[in-house]
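The chains carry the letters A, B, C and D, assigned in the order they are written, with residues numbered from 1 in each.
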Amino acid sequence: MPLTSRIKGVIPIAPTPFHADGRVDGTSVDRMTEFFLAAGIDGLTILGQLGEAPKLDHAEAIGIAGRVIRLADVPVIVGVSAPGFAAMRALAREVMELGAAGVMIAPPNTLRTDDQIVTYYRQAVEAIGADVPFVLQDYPLTFSVVAASAVISRIVTENESCVMLKHEDWPGLEKITAVRSFERDGSMRHIGILTGNGGLFLDFEMDRGADGANTGYAFPEMLVDVVKLSAAGQRDAAHDLFDAHLPYLRYEQQQGALGLAVRKYVLMRRGVIANDTLRKPGLVLSAEAKGEVDYLLARVARVDGRAAI
Amino acid sequence: MPLTSRIKGVIPIAPTPFHADGRVDGTSVDRMTEFFLAAGIDGLTILGQLGEAPKLDHAEAIGIAGRVIRLADVPVIVGVSAPGFAAMRALAREVMELGAAGVMIAPPNTLRTDDQIVTYYRQAVEAIGADVPFVLQDYPLTFSVVAASAVISRIVTENESCVMLKHEDWPGLEKITAVRSFERDGSMRHIGILTGNGGLFLDFEMDRGADGANTGYAFPEMLVDVVKLSAAGQRDAAHDLFDAHLPYLRYEQQQGALGLAVRKYVLMRRGVIANDTLRKPGLVLSAEAKGEVDYLLARVARVDGRAAI
Amino acid sequence: MPLTSRIKGVIPIAPTPFHADGRVDGTSVDRMTEFFLAAGIDGLTILGQLGEAPKLDHAEAIGIAGRVIRLADVPVIVGVSAPGFAAMRALAREVMELGAAGVMIAPPNTLRTDDQIVTYYRQAVEAIGADVPFVLQDYPLTFSVVAASAVISRIVTENESCVMLKHEDWPGLEKITAVRSFERDGSMRHIGILTGNGGLFLDFEMDRGADGANTGYAFPEMLVDVVKLSAAGQRDAAHDLFDAHLPYLRYEQQQGALGLAVRKYVLMRRGVIANDTLRKPGLVLSAEAKGEVDYLLARVARVDGRAAI
Amino acid sequence: MPLTSRIKGVIPIAPTPFHADGRVDGTSVDRMTEFFLAAGIDGLTILGQLGEAPKLDHAEAIGIAGRVIRLADVPVIVGVSAPGFAAMRALAREVMELGAAGVMIAPPNTLRTDDQIVTYYRQAVEAIGADVPFVLQDYPLTFSVVAASAVISRIVTENESCVMLKHEDWPGLEKITAVRSFERDGSMRHIGILTGNGGLFLDFEMDRGADGANTGYAFPEMLVDVVKLSAAGQRDAAHDLFDAHLPYLRYEQQQGALGLAVRKYVLMRRGVIANDTLRKPGLVLSAEAKGEVDYLLARVARVDGRAAI
């Protein structure tokens, strides 16, 4: 079931559960996978930046991918970003062999010009093979690479295997409009656009033409509902639900290790993963931060009972 | 009325109003000043980054400062950041002469190490004079300078004239806690901490020990109420009001020229400034963006009638 | 005598001489201008990055420009880079009025994509007027903006008033070859390419198609001779002279305030300027550094007697 | 034979030889090791940034380390920098088991404040074990981390296993002087300081207190001689030899893939490695660049016959 450009809906970015001592927690991987499936997701992305992929070794990455793919009856996308194409190819071929639907590739932070970015993706496709569907990750705040809309169009046009954009530029609404305008004027074929950045602008991203969410919010069921309500034209209802979550969502969306620690803390409190451990270098939530999260969740729960934990 | 370390409350960052052709709009400067005063502010900061200060020449800067200081019966803080100390000194001395309460200094983006940052502020104080109270601006996302809590403590301890921290690190809650802990353990004297970053975490910043807000949100009356409610211990009420604004506040908080264009558009719609023009290089809001802002304000207005415009 | 795309030869980047207390030293400005003229230069650039332009106020900049233009019988190019177009326009119009041959514009460090860079120069030309010849400064190491060869071609093609490239990308030889290839294949009109970066690759830049040097080396007479020898096809002789200077040139080419302090120290020792003062924030050469410079100059002087000082 | 703080001399950074198709070329690894040993080196560093370590997988890295350690009768230092401590630990423990003398650790590019850098090295030592001697790599231009002299002192003082500084800050001479001054005033114990950055300032680095070179220049025999002459107080002779190489050395020192491609091309021409292939993403030297290298080497060979190839 390869990933295609008709992909839609909610594809969470899964964290990687660890034991308190830092070993991968396979049981939690399984339980988390079941949890996401029960939330009504349309796919699952693993081994991304917030899956702490750069801290895993190859065998661990393969082990996690195997477990998730075995359990999931939805397309599984595997992050394969790497400093060298040899490692990228090895991981991509192995996970496709295991049944992945596609891979996700972020650009290295040395790229600056339009041509450098386009060339990088051309070489990446040569490396992994043109038969492997891939997701283009556009996340300037973390990767320091700014891909203009025109660059995205060039990558899509050059590489048939580019089937989806993980959009997480910020500010980023105009970019969705721009990319969709290329489709309308015929200069670019259609691809799926699913948005990340913790969901901070999901409400309007759907209006601008996104096909769904591709982000790791600790309440994927909210993402699923907002995307459905938006797709059904129920704009006010979508915003009502989204706004109820926004005070906490904003807290979880804080960049880097802090946001991930918040997310893992909540998933642990929800019983999804056994520990909220981040691999080193990481961080540990302060008591104040935990108190703030608890307070926010209690407030969300007044509107959305699923947040009562 | 010099600025002191006992400063508290809300000190908006004022934008600079321009005519449609880019000339400074003095009439709007006056009306805007009256608007802020009517909102119950405790001070006013002008010529900051979001006041488009780097796009003004010296005479324009002095002209704006003179107008605002004449009208305002609250402390006026003037941004004097500059690539060279000669220009910083000239502007600082002139605005203090005009009656400013203090100045704000952001670090140049070339600073990296702790010592470089501390040295820069020591030299800046030598340049402007130790008699000029100053605000230390800590805004890594825009200025690319990361000042550790310990560095802030060193700057405060070395320079008696440092009376306030404009805190806008992100994630930044732990930094407020850290700086306040230095005061409690006696290693640092007290200074005012007012927070920026568009107010995105104002609710919790107050809990962590901030003294108020120093940011340019288009509804300063909300900031005033949230700060008062927090100071009065009415935590839930503070969050209720804050959360009602958050969907729009998040939209205005988008980095760079976009967020400023949104802010100016709303201030124009509120009748505060005549035009929402940004000086070049800037940007013009798309019709979609204006529609999104209008939609968000209508929703805020259901809870806070002052947003009905 | 406006600058044209046929510009060739050596155009030094002049430092700004200060008195020990930081005031502009007009007498040294005059003497320095005479010194450069006596070295056989083909033009002179003032108020660039290494002219400490960001540390000057508008009146000082105009004062220096007036003095230099009055004395110089060669084209004078004035750096007008500024955070806002209002200041850029004001400075550009005034110095052209005073008799400048053209202006130099560096990009602000916020530009990332090809289109952002092209748009910036389009707006800059609108601001200063299409009648003002300008030099495009391409210096990624200092300005953090990477302009691809194709971007340079677009800027040249869009703006008739772009007559020269100050090339100082590093590594940068292939970029000269690429830009010249655009001229050969007819996709771009001819412009002058003069190279900077302290002259560190001047020997090969000439071979690759550069028209000369546009850099601030303390021995402009060497640059003049190397450019002449290269233009005359005397490759080995050009390298012989260049190589004799390289040990010191490399020392002066160190980035930032250090390299400039070295340069000013040598110009002071040569009697060109009265003091080697940098405006704050700057630095003061250590005794070790001065000793190293003296040692290097003595070695250069064994081959090129003009370095005996 | 563990690495100690008394290390001195020349420790080249070895490139990783590949076949034309990108596979690791073991035969060339062996020949290259013999070549370095024949040059009179005092140690060998493998799997550094210019060893293309980030493009190797774990098994390849171990394979190369094993081959080199088996052949070399000098201390071998292995680069173990990694985004996560799990991978760093695994590689460090395995290569020490194989007989490595120590490891080298570069900081991740997210570190900014003094404390962040110090904390990172503390955690790295916890990860690899305090029994593994390590080299602190200080290379701001590539890693974007600026470690003040005081930070280096703190890391050395906190971690007994930090035995050497690979110094490649630029400008960097004052930093060597500063670190040595900490030793003299008793605030820091002695460590070895060996310098990198392609050797561009080796001549003066020795004068400032460096113990030798730790860089990958294609003529290690020159580095050996310069270090010996400097140590013997033959300053002029050291400079004479260094200066003869400088025109080419500067060319090889160009940042990033270009400099490495030049280095591999020359090592191939010298018969040391079979191919000058870089793993993708890399680059291929242009004909012009090869011609320039050939020209420069011919000129070096007039003084140093060993460069005649």
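Everything below uses one rule, namely that a contact is a pair of C-beta atoms (placed from the backbone, for glycine too) under 8 Å apart; a residue touches a chain by one contact, two chains touch by 3 or more.
Just so we're clear, the structure is a prediction, and the values are computed from it rather than from any experiment.
Peer 1: Please decide if copies subunit A and subunit B contact each other with the same set of residue positions, more than half shared, or with different positions, and reply same or different.
Peer 2: same
Peer 1: Once subunit B is fitted to subunit C on CA atoms, what angle does the rotation have, in steps of 5 degrees?
Peer 2: To map subunit B onto subunit C, rotate by about 180 degrees.
Peer 1: How far is the middle of subunit B from the middle of subunit C, if each middle is the mean of its Cα atoms, in Å?
Peer 2: The answer is 38 Å.
Peer 1: In whole angstrom, how far does the Cα centroid of subunit C sit from the Cα centroid of subunit D?
Peer 2: 34
Peer 1: Quick one: subunit B and subunit D, Cα centre-to-centre, how many Å?
Peer 2: That pair's centroid distance is 47 Å.
Peer 1: If a residue has to touch 2 or more other chains to count, which residues of subunit B qualify?
Peer 2: Only 256 qualify.
Peer 1: Across the complex, what residues on subunit D touch subunit A?
Peer 2: It is residues 22, 52, 54-58, 60, 83-87, 90, 108-110, 120, 123, 127, 256, 279-281 of subunit D that touch subunit A.
Peer 1: If you look only at subunit C, which of its residues touch subunit A in the complex?
Peer 2: Subunit C residues touching subunit A: 112-116, 140, 146-148, 150-151.
Peer 1: In the complex, go through subunit A and note every residue touching subunit B.
Peer 2: Within the complex, subunit A contacts subunit B at residues 170-171, 173-174, 177, 200-201, 203-204, 207-208, 239, 242-243, 246-247, 250, 254-256, 258-259, 286, 288-289, 292, 299.
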